[in-house]
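So that you can tell them apart, the chains are marked A, B and C in the order they are listed, and the count of residues begins at 1 in each.
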Amino acid sequence: MSRDLLDEFGEWRVRDVPIAELGFTGLGVGAAMVGLRPIVEYMTWSFALLAIDGIVNAAAKMRYMSGGQFKMPITFRGPSGAANQLAATHSQALDSWYAHIPGLKVVAPATARDAKGLLKSAIRDDDPVVFLEGELLYASKDDVPEADDFTLPLGVSEIKRPGRDVTVVVHSRPLHSALAAADTLEREDGVSVEVIDPRTLRPMDIDTILDSVRRTNRCVIVEEGWPVCGIGAQIVDDIQREAFDYLDAPIARVTGADAPHAYAANLEQFQFPQADLVVKAIRQVCYRD
Amino acid sequence: MATKITQSDELLGLDGAALVEMLKWMVLGRRFEERAGEMYQVGEIGGFCHLYIGQEAVAVGALTPLRRDDYVITAYRDHVHGLVRGMDPGAIMAELFGRIDGSSKGKGGSMHLFDASVNFMGGHAIVGGHLPVAVGIAYAIRYRDTDQVCVCFLGDSVANIGAFNEALNMAALFQLPIVFIIENNQYGMGTAVHRAAAIENLADRACAYSGMQGWTIDGMEVLEVRRTVETAVDRARAHKLPSLIEAKTYRFVGHSMSDPNYGHYRTKEEVHQFKAHDDPIKQYIETLRAHGVIKDTDLNDIEQEAKKIIDDSVEFAKRSPIPQPDDLYSDIYSGESPDVRRRDPWR
Amino acid sequence: MASRIVMSKLSPTMEEGRVLKWVKRKGDPVESGDVVVEVETDKATMEVEAMGSGVLREILVEENATVPTGTTLGVVAAEDEDISAILEESAAAVPVAVPAATAPAQPAPGEASAPGAQPVAPSPAGDGGRIKASPLARRMADDRGIRLEGLRGTGTGGRIIKRDIEAASSAGVPAPAATAPEVDYDVPYERVELSQLRKAIARNLAQSLGPIPHFFLTREIDMGEVLKLRGQLNETLAESGAKIGVNDIIVKTAAQALSEHPEVNVSFAGDHIRRFTRVDVGIAVAVPDGLITPVLRDAAGKGLRRISEETSELIARARERKLAPEDYQGATFTISNLGMYGIDEFTAVINPPAATILAVGATREKPVVVDGTVEIRPRMRVTLSCDHRAVDGAMGAEFLATFAEMLENPLRLVL
């Protein structure tokens, strides 16, 4: 990730740190308080559990607690969610934990193009940004604009695939399951699926989602994380509050299975919100099951 | 190994004005805290309110030798650190009152005083949470290659927290210009230090980190504190080396306003003993008198000056408006936080 | 093996039915296929047959009670068989028992009989009275003035969803009319309970004139040639005993004209129009407590004699209330003839989902100007009601012109 950067920028700018998440997270926060613009990388977001105090108590609240005196231009980034068979402690998608916190911004791109454009914006942002990179997306390929200054704004959803009959809201890696499901349904059922990636989980561009649901009257929300108090739960709330009268079916959610991640390969696959589950959910909300 | 500095060349070569200024700060700190306690009791101040009474020598001895561009960061017993660092007493009192003219617009309260204009970096309420932040400030100093120093105060219980090791290790590893000052007031809330730390002198832990010097000193002697901090600051400024100072002190009041002054963890006699024999202000006055630096009339003036400043601060706080509901939603992000009202239409 | 006797859903619009008569008594032996109970649906009286053998162990719904479709009416099982599970399940799904017209009403205090009380809506989902409808469907129904009570939900668990509202509004629907305003008459009156049929009529026709933009085209037709033709035909058929009526000729003529004007043989279906490729003519038949419209299938493809025979048979069964749902559903065009009641002309309310209905008046001798002289001619006035969403004035008028021309030159029928 940081290859060649050390040679280019030197050790005071690109620093290899002890495996001490709380320590180096706070280091970043302190540096941001006095005007630097740090990027803190976790080996995986599961390890950032050891740094929660630095993210949630220090970074997220510094501006507020100081009455606006200290800005917090810091980006926390690293791989998130499952990798391959790393079991319960190394596979978590804790998106909703961070999205819960006022003071944090949370970004979870699903494509290399989005990752580039959004990461630049995250770094330039004057607020703390939690940047969640689906670990299994690292090998995925995409058309990435070469332009050095290619950025994408935070807080803007993108319609990844336009459709008429049902809206699927999905972020990070399951976007690809949802797109596959959309193809299947178009082909087999003649159902036209609109796929929306909010990309930024906080602040989320709900309006794009609401506009879509008002058109399609149906919605399925897909995420890698667990169901209880998940990102999708919040989106369901937003939709029922602002588009209740446009719903023709209860909103369906497809999430990671509500269990810790198992090591066995088949169980790990079973855990994921796979495309076939998304297909089933879409059929249900379209009353085609 | 930690070394004990004894009272030798007592006045550190300071002139009378500098010596009296330190006394003024100590008196102001003591009286400010007494007034804060009173304001708490009459209900003007709420929440947690941790008073610094008894520990004045540490903050005053440590902060008076610093440059204006140095950084200071501390924990939640922070009123006097803020005062001595140069915060406006009115802004502090208004913050304690929860008013809009408080240093954090009434959003931080007693435990979260900040003042960017005097590089006072807070005011942090999670035990140990600010140590890595202090290291980050020191890191930024080295990144920018200036000769500033970061001084980080911490309580005795922090020495037993994981963040303590993570922070001190990185401070030594990266050779950062930082001075950690443990204010060992003998009790972490109600737990005696010897019940929490598997070591007698907390500064001895400095030996675990290459290049870090440790001192355990009498934190009731303001000049000893000052002398030690000057040495540590010089190591940091000139040599980019971290230090760990343990100032043994004592708080004359409860852990916070909601705790009794004595409680089950210490006796009334013990508290009276410290007040009678180890009061840092009394000791310092005796030292100054012995050297003919002050007279009784000076003391009276100092008290009157402190009273005036504090009366003004209370007056200012009382006159300051309470925050408006909309203020709840400002300063969360650099811009507006658009979702807030949308998801909460009733408020 | 225990089997249930159930109030089956015998038509798409049927939501409830009334138990008319238990043919078997409790304890009677029952063979699979035996008629166990007679029920009255919204359109007809039906016999319910046993699906298993044994004895009629339990009668759960008494005669004259009205219950939602799906309700278990009774249980047939072997004499010693444990049927507690079925009984428990049936009890759990407590039907909303609507007191029937002839049964003494025993409403719970403060309920049904109280003036202004909310009627208990039969649930299309059959889950205890609550109508399940998506928020969108509710809003659409509200916007379009459609009552959810009359609709069948096709969503999960019988939920009424968007497509059901669209189908209903294409069929023409609303029915604020079905909830007639409470008027406090200061006049003594007798309360006449609605029969199932009367309810169905009220529901269906209330979905007609309100939401369907009607317009009416009236034309007078000379019936001289038709009367002459009828005489000739009946002479020819005299030996066989068959008899062709004027109405049969009208049915045949209408069907023929419709096959020449398929744009009128249609139904409005929301986002499209269904142009039927076959002409199924509904014939309104008065029965003692209402009317019903048995359907003569493929009327354009049948000869007059067959039309006459089938129509007679349908009318007879209608009067005996023996029509099955498939006998009276799905007309593409309807003829309502009140001529025999001395009505000269009238307008009929469209019978959804068809887009047109023809109201036929009496044939009367009238002076008319023919080639500059006044003659006495048998004349008949007809009025075509059209759903303007599907049929325009000129389209309707052209159809009527063809229809009139054929009646005035009935030889065209054989061409």
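Simple rule for what comes next: contacts are C-beta pairs under 8 Å (C-beta built on N, C-alpha and C of every residue); 3 or more make two chains touch, one makes a residue touch a chain.
Just so it is clear, the model here is predicted, and its values are computed rather than measured.
Asker: Hey, which chain is the most central one here, using CA centres?
Answerer: So the chain sitting closest to the middle is A.
Asker: Please identify the chain with the largest separation between its CA centroid and the CA centroid of chain C.
Answerer: B
Asker: Indicate the whole-number Å distance between the mean C-alpha point of chain A and the mean C-alpha point of chain B.
Answerer: One centre to the other, that is 40 Å.
Asker: Between chain B and chain C, what is the gap in Å from one C-alpha centre to the other?
Answerer: The separation of the two C-alpha centroids amounts to 89 Å.
Asker: Quick one: report the Å distance separating chain A from chain C, using the average Cα coordinate of each chain.
Answerer: Centre separation, chain A to chain C: 57 Å.
Asker: Which residues of chain B touch chain A once you look at their complex with the stated criterion?
Answerer: 71, 73, 102-108, 112, 114-116, 121-124, 126, 129-143, 162-163, 165-167, 169-170, 173-174, 330-334, 337-340, 342-343
Asker: Please give the residue numbers of chain C that touch chain A in the complex, ascending.
Answerer: By the definition above, chain C touches chain A via 134-139, 154-156, 159, 161-163.
Asker: For the complex, which residues does chain A have touching chain C?
Answerer: So the residues of chain A in touch with chain C come to 217, 244-249, 284, 287, 289.
Asker: Applying the document's contact rule, which stretches of chain A touch chain B when the two form their complex?
Answerer: Of all residues in chain A, those touching chain B are 12-13, 15, 17-18, 20, 22-36, 38, 53-54, 57-58, 62-71, 102-103, 105, 125-127, 155, 202-204, 206, 237-238, 241.
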